[in-house]
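Everything on this sheet refers to the single structure shown next.
Order of writing sets the chain letters: A, B, C and D. Residues in each chain are counted from 1.
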Amino acid sequence: MKNYVDENTKVIVQGITGHQGKFHSGEMLKFGTKVVAGVSPGKSSEKVNGVQIFDTVADTMHLNPTASMISVPAPYVKDAAFEAIDAGIELIYVLTEHVPFHDTMDILYEASRKGITLLGPNGPGITRPGKCKIGIMPNHIFKDGDVAVASRSGTLTYEIVGALTKAGFGQSTVIGLGGDPVVGLTFIDVLKVFNDDPNTRKIVLVGEIGGINEEMAADYIRKNVKKKVVAYIAGRSAPPGKRMGHAGAIIEKGSGTAESKIKAFNAAGVHVADFPADIPGLLG
Amino acid sequence: MNLYEYLGKDIFRKNGIPVPDGYLVEKKEDVRKYEKPVVVKSQILLGGRGKSGGIKFVKSEADLKPAVDSLLGSEVRGLKVTRLLVEEMIDIRKEMYVSFSLNRTERKPMLMATVEGGVEIESLPHDKIFLRLIDPLMGYSDYIAKEAVKFMQLEPAIAAQFRSLLAKLYEIFNKYDCELVEINPLVITGEGKLIAADAKVVMDSDSLFRHREFNVIDPEKTPLELEANGRGYSFVELQGDIGVIANGAGLTMATLDALTLHKGKPRNFLDLGGTDSVDIVIDAFDLVLKANPKTILVNIFGGVTKCDTVANGIVEAKKKYGIKQPIVVRLSGIHEEEGREILKKNGVDAFSDMMSAIETAVKREGGN
Amino acid sequence: MNLYEYLGKDIFRKNGIPVPDGYLVEKKEDVRKYEKPVVVKSQILLGGRGKSGGIKFVKSEADLKPAVDSLLGSEVRGLKVTRLLVEEMIDIRKEMYVSFSLNRTERKPMLMATVEGGVEIESLPHDKIFLRLIDPLMGYSDYIAKEAVKFMQLEPAIAAQFRSLLAKLYEIFNKYDCELVEINPLVITGEGKLIAADAKVVMDSDSLFRHREFNVIDPEKTPLELEANGRGYSFVELQGDIGVIANGAGLTMATLDALTLHKGKPRNFLDLGGTDSVDIVIDAFDLVLKANPKTILVNIFGGVTKCDTVANGIVEAKKKYGIKQPIVVRLSGIHEEEGREILKKNGVDAFSDMMSAIETAVKREGGN
Amino acid sequence: MKNYVDENTKVIVQGITGHQGKFHSGEMLKFGTKVVAGVSPGKSSEKVNGVQIFDTVADTMHLNPTASMISVPAPYVKDAAFEAIDAGIELIYVLTEHVPFHDTMDILYEASRKGITLLGPNGPGITRPGKCKIGIMPNHIFKDGDVAVASRSGTLTYEIVGALTKAGFGQSTVIGLGGDPVVGLTFIDVLKVFNDDPNTRKIVLVGEIGGINEEMAADYIRKNVKKKVVAYIAGRSAPPGKRMGHAGAIIEKGSGTAESKIKAFNAAGVHVADFPADIPGLLG
C-alpha cells in the first residue's frame, strides 16, 4: 500500500481564514508542504500566507489538489468533507475536535465508497520529514529517518517523536489517527502502509484506552508484520466510565482497558513501554 | 451523555414507541391522585436501582405518598434522588431486550436483541443474542427486523409490533445522535402489547449543537467537572493529592499514568488544549486549586501552546491565588529556555524532561 | 400529481419556507375583511394564469369582493375556477427561480436556480442557470448552495436565506416524493427577505400510499379518466371515434399509433393490465362505452391475459350493455383459437393479426 | 460485457406465495429456469411449485442464488430489494408496478455501489431462449436465434417477439427495461451487452415516448454499434402531458416525443418501423 502523502502532495485548506487555518497553513508552508489553495466562501479576493483563497473546493480543482485539511467548526465539518469528497480530493484530513460521530460515520462511508482516505477527525495530521506535513504537529521536533509512528493522540506523539529525535531515531512517517470513537484510519490501515514502506524499518504505536483498535492491531502484527514494533498505551490509571479528554478514550463496561491492550501487544511480541521516555531504549 | 429514564421515555413517546403512562415528581406536591397500581422509580443513572431499593411498587392509595416520601431526597447507590418517575404498573408476560449502539470496532451501528430481557446483556451467552451490524449507507430496513424476528421466534402478533418498534428505535438512534438506545426490559404485556418498561438513551455530547433542547447538565459529572467543562477544559476528578495540568489528552493521561506507576496519586486530569494563552493557564490553576491538591504538577510539551506563555501563566497564577502548594513544572519544546528562565526568576524550578518532573512531584506529594 | 398552489404553499409553510400570508376561498363567504392590498389568484394547474386574467390585484376594500365574484366559478384557460388563494401583496424587488426535479436522463435529483425568475425556465439561455445534479447517496449538502450562491452572485444577506431555503426545499423534494418542487418567482422583497411567491409541487402519484393526506383528486384528469383510474385502469381520453381496449401500455400505445397512421381517430387509451378476468373486460367496456365511441377495437396479445377470457368478456359485455357499435377484435397468443371460436359463435369476427384489425376498425370508424 | 443471465443463473423469488409469484415461478420452471428458492416470511415450512420457501433471503444463500425476482406490493419493494442487495444477490429484477421512483433511485444507487444489476421495476424481465427466463414473458412466443430485443414495454414486446418468431427470426436475448421514469437498465447498458454478445447478430429496440433514453441510445449506436439495429417507438399519437399507462411514458414540456426519438434513430442509421409488424421486414 502506498503512503498517504509525499513530496508531490498538493494541499488545500478548508477554513484557511480561521485562527487555526491561518497559523497552521503558514507552518505547513515553512515545513515545505505544497499548500496550493485555501477555501473560504466570500473571501476569494484574499490571500493567507501568500496562498490564494477560493470560494469553493470546486474552484481549486484546476490546481490539482490531492489532499484537503479541514479546519472549520464542528457543525460544518460534514458539509466541508462532503464538498471535498464530491470534488474528488484523495485525502481528507479533519483537524476539528468535537465532530458528532454520526457525522464522522457519514463522511467515512461516503469517502470509502469513493476510495478516498479520511484522516481524523480530532488528530494532529500526518508528517513525513523532508517530504510533507499536513496538520498541526510542531515542525521542529522531526528528523528524517526510518521509524514510523502512529498514534491516537497529539501532544503525546510530539513528546515521543521528540524523544526519538533526541535519541537519534529519525522518522519516516508520523501519523495521528485522532482521538474520537470513530476515525478514518485504524492502526491496521497504517500498519499495512508501514509494512510495505521501504523507508520504514521500525514502528512505534501510541495507543490509549477505549475500543479494541490496539488489540486488533496486535493480532495483525502477530500475523503480518516482521518489522520491529514498540508500543505505548496511555490511560493505565484512568478510572472506568470517564472520558479522558478524547471522546474515544473511555473504558466502558470493562472493555477498552490499558491492561487488555498491553496484554495483546505482549502476546504479539510487541514491547510496551511503561513511560514515553522508554520508547527509544526499546527500539534500540 | 446519558439521559434520565424519564427523558428517554419522552423521546420514545414523541417518536411512537409505546411507554407506560407516567409522570415526573420533583417535589412532593407533584404526586397525583392514586388511580391504579403504580411503580415509583428513582431517576438515577446507575443500574441496579431495584436491588438498591430505588424502585417501589405501590398497590394502594395509602402507600403512594410514603413511597414518594421515602425515595425523594434519599440516596440510592450513592446518588441523591431528586426526581421520581411514577408509572402505571404493567402486567408483564415476558421481558425482552433490544438496543442500537455504535460498534466502535466496526464503526457501524449495531442492533442487539434477545428474548432474554431484564438482565444485563453482557451476562447472556452470545448465541442467545441477535446481533446485526447496519451498513450506514444503506441504513436500517425492515428485512433486518424480519431476520431478528425469526431468530427470536416471535409469534406473528408480537413480531408485527416489534418490527414497527425497531424502525422507530433506529430512527431515534440517528435523529438524536445516539451512542446507545436501549430498551431493557422490552415487555410483552398480558394483553400481548409491546411496551418499553425502561429507556436508556445515551447521546453524543458533541452533537448538542443540534439538540439544544437536551442541553442539560450531564448527571454523571461532579460539580467541579461540570464547571471545568463549562469553561472549556477536559477535566476529570480523581482521588489523589497531586493536581495535574498538562497539554493534550494523551500527554495528560501519560502524566497520570507515570505518576501512578511511581506510586503517586493524581488529583485530577486537566488538559489545557491546543491554545496559547496566559489566561487559560491562570484559569486552569483556579480549577485545580478548587480540588485542593497538596502539590501541583505542570507538564507541557510546547507546540501550539508555547512554554513561555505557560511560564507566564504559572507566575501570574501564583501571585493571583497566593498558591502555597509546591509547583513542579516540566517545560519542553517551543520556547522552553525562555519559559524556564521566566520561572527561575520567579523562584520556580522547571525540568526539561518528564521523568524528573514526575519523580519530583511524587516526592513532594505530601505538599512539602 | 400536480398540487394546487395553495397546497404547495401549505407544504412550504409547514417545512419552514417563507410564503406570503393568505387564505383559501372556495365560496364567497370565505372572503375575509380587507386589511391591506391583496392578490386574488385562481387555483388552476396551467401556467399563464396572469395573462389569462386569472389573477387580480386588489388595492382597496371596494375591489376585493368584485374580484372574488368575477373569478370564482369563471373559466380560465378552459378550466373552471373553484378555488381562489387570497394573499397579501408583496413588495417585489427582484424575482428569482429555484427548483429541484428528477433528471430522468441521469436518474438523479437536479437543482436549477437562476436570478432571472418570473419567466418560464425553458425560455432562459442555459448559461444563466445554475444546474447541479445531486448524488442520491450523498444527498444534498450546504456546499452545493454555496456554489449556487457564487454563480448567482447573491449578496451575503440574501445568500444566507437562500442556503437555508434550498436545504428545506430539498427536504421537501424527498419527504413528499416529488418529481418537481419549483418556486417561480422566488421573490426578494423590498426589505430584503426571500419569499416564495408561487409554489409548484408535483408529487409521484405512486407514492400516495405514504402520503394519505394528499390522496386528493388529480385535477389534470377528466371525470371519466378519474373514474377509470379509480377502478384500476390506465385510461386517457382522446378526441376520436374509435374506442380502444388493449393489454399492456406499449401495445395500447402502438394500437393508437397504428390507428392514427391509418387516419383513424382513437377515442381513448385503455390498458387492461396484466390480469386474466372476464369481469375486468366487461368493466372496461362499461368505461369505453361511457366515452360514446362509434366503433370499438379490442387488441389483445394473450399471455397472462388469455384470449378466451377476453372473448368471454366481450360476449358478456355485448349482452349486458346491448352494444350496438361494431366491435373489431384481434386475438393473438395464448388460447387465441378458443377465443376466436367463442366470438364466432356469438357473431363477432376476430382477426389474428393486428394490422387487419386496425384497418377494419378504421374502415368502420363511422359506426357502420 | 457479460450477459445478465444464462443457463447457470440460479433464481430466488421474493414474494413467491403471492398470485404473481406463484404463477410465474411455475412458468419459469417450465421454461427451464433454475428457480432454487422462494422467500416469504413465516411460510418457511411450505413449498410452491415444488420450490422450498424460506423466511429471509439470507436463509437462501447456501443455495448460491445469483438472481432474485421481486414480486411484492409496491410499498415493500425497497425493503425486499435492500434485503437482496445486502445478501449479495447479483441481479435484482423487480416485477412490481407503481414503485415510487424515489425508492427506485435508492435501490438503483445502493445496487450500483455494490456492482449489482437492477432490472425494472415494472418490466417483464429477461428471457434467453433455451437458457433462462426471469419474469413474466409468455413461454411459447420464443425461438432460439440471433436477434436481441430490448424494450420499455411488456405486451408490445411479446407482439414483436411473436412476429419475429413467426417470420423465422429467433432471439438471443429479450429484455424488458421497465415502464417507469427511473429503471435500473438503460438502452445503452443493454446495447453494450448485445454488442459484445457473439450470439447476437441483429438488434431490435422498442422504445416509447418520455425521457431521452432512445436519443442517447441512438447516439451510442452511431458511435459504437456495427450490428444491424431496428427500432420501434410507441406513442406517436400520444397527447402531451398525459401518462400513457406507463409512469414513464409522458411527453413533458415538448421533451420525450416520438418524433425526436425517430429522428435520432434515423440519424444513427437505425430504421424505425411504422408498425410492429414491419420489424421482421426491416431486419431481413
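The rule is short, and it goes like this: a contact is a pair of C-beta atoms (placed from the backbone, for glycine too) under 8 Å apart; a residue touches a chain by one contact, two chains touch by 3 or more.
Predicted, not measured: the structure shown is a model, and the values here were computed from it.
Participant: Which other chains touch subunit A while also touching subunit D?
Facilitator: Joint contacts, listed by label: B, C.
Participant: Take the average of all CA coordinates in subunit C, do the same for subunit D, and state the distance between these two points in whole angstrom.
Facilitator: Inter-chain centre distance comes to 27 Å.
Participant: Once you find the CA centre of subunit B and the CA centre of subunit D, what distance in Å lies between them?
Facilitator: 54
Participant: If you look at subunit C, which of its residues touch at least two other chains?
Facilitator: Those would be 137.
Participant: I need the residues of subunit A touching at least two other chains; which ones are they?
Facilitator: Residues 110, 113 of subunit A each touch two or more of the other chains.
Participant: Based on which chains are in contact, what kind of graph results: line, ring, star, complete or other?
Facilitator: Contact map by chain: ring.
Participant: Which pairs of chains touch each other?
Facilitator: A-B, A-C, B-D, C-D
Participant: State the interface residues of subunit A toward subunit C in the complex, per the touch definition above.
Facilitator: Touch residues, subunit A against subunit C: 41-42, 55-59, 76, 78-80, 82-83, 85-86, 110, 113.
Participant: Going by the contact rule at the top, pick out the subunit A residues touching subunit B in the complex.
Facilitator: Those residues of subunit A that touch subunit B are 23, 74-75, 98-102, 105-106, 108-110, 113, 136-138, 140-141, 151-159, 162, 179, 181-182, 206, 208-213, 216, 232, 234-239, 241-249, 253, 258, 274-277.
Participant: In their complex, what parts of subunit B are in touch with subunit A?
Facilitator: Of all residues in subunit B, those touching subunit A are 102, 104-105, 107-109, 122, 136-137, 174, 177, 179, 204, 206-207, 209-210, 220, 234, 236, 238, 246-254, 256-261, 266, 269, 271, 274, 301-304, 332-334, 353-355.
Participant: Which residues of subunit B touch subunit D in their complex?
Facilitator: Result: residues 135, 137-138, 141-143, 146-147, 149-150, 156 of subunit B touch subunit D.
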